[in-house]
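So, here's a batch of structures to check.
Next, two complexes with subunit A in common: one pairs it with subunit B, the other with subunit C.
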Partner chain A sequence: MENNHTRKTQEMTLQTLIDELGLKCKCCWEKLGNEIEGGYAGDLLSDVMGNSKKGDIWVTRQVHLNIVAVASLKEHAGIVIVQGASPDKDTIEKAQKEGIPIMVSDLPEFELVGKIYHLMHHAQ
Partner chain B sequence: MPNEEYLEGKYFIQGRDFVDAGIVSSEMKKYLKEKGIPEGIIRKVAVVTFEAEVNIISYAEQGTIKCYIEPDSVTIEARDIGVGIEDVELAQQEGYSTADDSIREMGFGAGMGLANIKNHSDEFEISSVPNEGTYLKSTIYLNGK
Partner chain C sequence: MTRLYTCNLHVHTCLSPCGDLDMHPSAVVEEAVLQHLDIIAVCDHNTSGNVRYVQKAAEGSGLTVIPGMEVTTREEVHVIALFESVEQLESLQEIVYEHLSGLNDEKAFGMQVLVNEIGEVEGFNERLLIGATDISLETLVEKVHESGGLAVAAHIDRPSFSVLSQLGFVPGHVPFDALEISARLPFDQARSRFPELAGYTFITSSDAHFVHDIGKTCIRMNLEEPSFPEIRLAFEKKKGRYVLE
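Coming up: the complex of A and B.
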């Protein structure tokens, strides 16, 4: 039905991603226990708005603050920004306010998504 | 038109203010939660409101989004003063967009907004007068279709 949407088969939290994939957390450390129920990758905000699900980990290359609105409205578990990009200062401030954890990774989007998918479906 | 007595929320949006899209949608969501509207319905309303809000920000001088709660449905009405839409049928086709680079740079303008609204609505209506403005109405049934 949704071609780049996936649901997990293993229990997983944001902390698992940090531990296993070396992500760096930028805000909302207190929410790293958020459970990840699925994942979505995308840089077009309407695509993510229309197709992602509650509890998803959202992987994107976008850094401006409107990503927080999308993640908050869709109730995502958190956002991972890829390719070594840094979220804008406003983005972090809004994420802190809305309680949306933002993590960053140096990996390219394709590679990171592959690793998260593997963790979700083949862990242990 | 829904009866005005059901008017529940009205939000004003300034056009061309990309600083913080989603504020109205977020307020609307909190409001519907307080009113005890089921979560699944609220998530649909959030998509509709967000896209309507982004459209007003992108293409209008100013606009309003109203929300009506009725016993069996939630209706969102978005009305703006702005450039309007030449061909509303064409505008609903996924991928069709008139967005400029400033809109696209932020990840908007992919031509999916109206399609998203339609897909998350049980009833959907749109009308527009070029160089005057656009009216959009989306109804979501509380108990599905």
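Coming up: the complex of A and C.
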């Protein structure tokens, strides 16, 4: 858990992830220009609160409303929910209100994180 | 007239895969009586199968057995559900089973044994009781309340399966009736560690998986009689009922 944090080496926005990895955006389309500074993967919100950083793209399988508060508190660039899971309606509503873009992917967490990591460190 | 009753509201039996096989109903009751407990709540993981047997084993012993269950939500938060009647508990059981998939692997997780009040094996539960339901925390608490029960967030200070470990903080819109702190954290330390939770009733319990833990880390509640409605009043701090900290 402590080692799943990474910082980028290339400029990247949420829109890049959507274009490259086929993520679907669920809210805050106006914020897809948010720059991604780094990334964090985790489903234990206590861990994410403790170890993620500002500007991170947060990849998680957790869909509970509290993810929005954690992302807002930590000033994440956005959240990606994996494994085709659907965020609750109230989660989306809260995210829209708080200005936290939520995207979803059908990929398992491991694969998506691998792809994002690759994009960050090997993009031309 | 109210007085203090000694209670452990989170006791497993041998039906929980992680519960010691010695935790069969009559042994649980025997130890609870030996330790001068007035009330225990039987809370196995996602199942209620041994509750009736513990109640039967307690007949005539003076021990009150509250029907309960420790349910795992889809966020992998453990919630203790407490009820007045086994029928109410069983109505929650139906919902939990509808939302719990998988089969137990005894070698990996342990045996799940139904044992009656005289120590005879009645059968084995084949479901993956250690697993998580796909019921959200909000929905579960709602269902517990609809069935007439009380919902307690289990061992909130623990680093796994607790509302704080899984969700970072206690969601204010989820109407928990109480929060449980684990045996390792005394009340005063819990209060100073969680000032933001000052409005909640705290309970503590040993989360007993072994017989020798049944009498450890109990709470004392000021009640008129050892009953579910009185526990509800104590959680609500009404009519002079309360949980002694």
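Here is the rule we go by: the second predicted complex is superposed on the first by the 122 of 124 C-alpha atoms of A that agree within 3 Å, B and C clash if a C-alpha of one lies under 4 Å from a C-alpha of the other, contacts with A are read in each partner's own complex, and residues count from 1 in each chain.
Convention: contacts are C-beta pairs under 8 Å (C-beta built on N, C-alpha and C of every residue); 3 or more make two chains touch, one makes a residue touch a chain.
Everything numeric in this text was worked out from a predicted model, so none of it was measured.
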Which of subunit B and subunit C A:K94 touches, first, second, both or neither: first
First, second, both or neither for A:K54, with subunit B first and subunit C second: first
Subunit B versus subunit C as contact partner of A:K74, first or second or both or neither: first
Which of subunit B and subunit C A:L21 touches, first, second, both or neither: neither
Which superposed partner A:N66 touches (first subunit B, second subunit C, both, neither): both
Residues of subunit A that lie at the interface with subunit B and also at the interface with subunit C: 43-46, 49, 62, 64-66, 69-70
Complex contacts: residues of subunit B adjacent to subunit A: 18-23, 25-26, 29, 43, 46-47, 50-51, 54, 106-108, 110, 112-113, 115-116, 119-120
Residue ranges of subunit A in contact with subunit B within the complex: 43-47, 49-50, 54, 62, 64-70, 72-75, 94, 98
Residue ranges of subunit C touching subunit A (in the complex, touch as defined): 75, 136-137, 159, 164-169, 171, 173
Parts of subunit A lying in touch with subunit C, wherever the complex brings them together: 43-46, 48-49, 62, 64-66, 69-70, 88
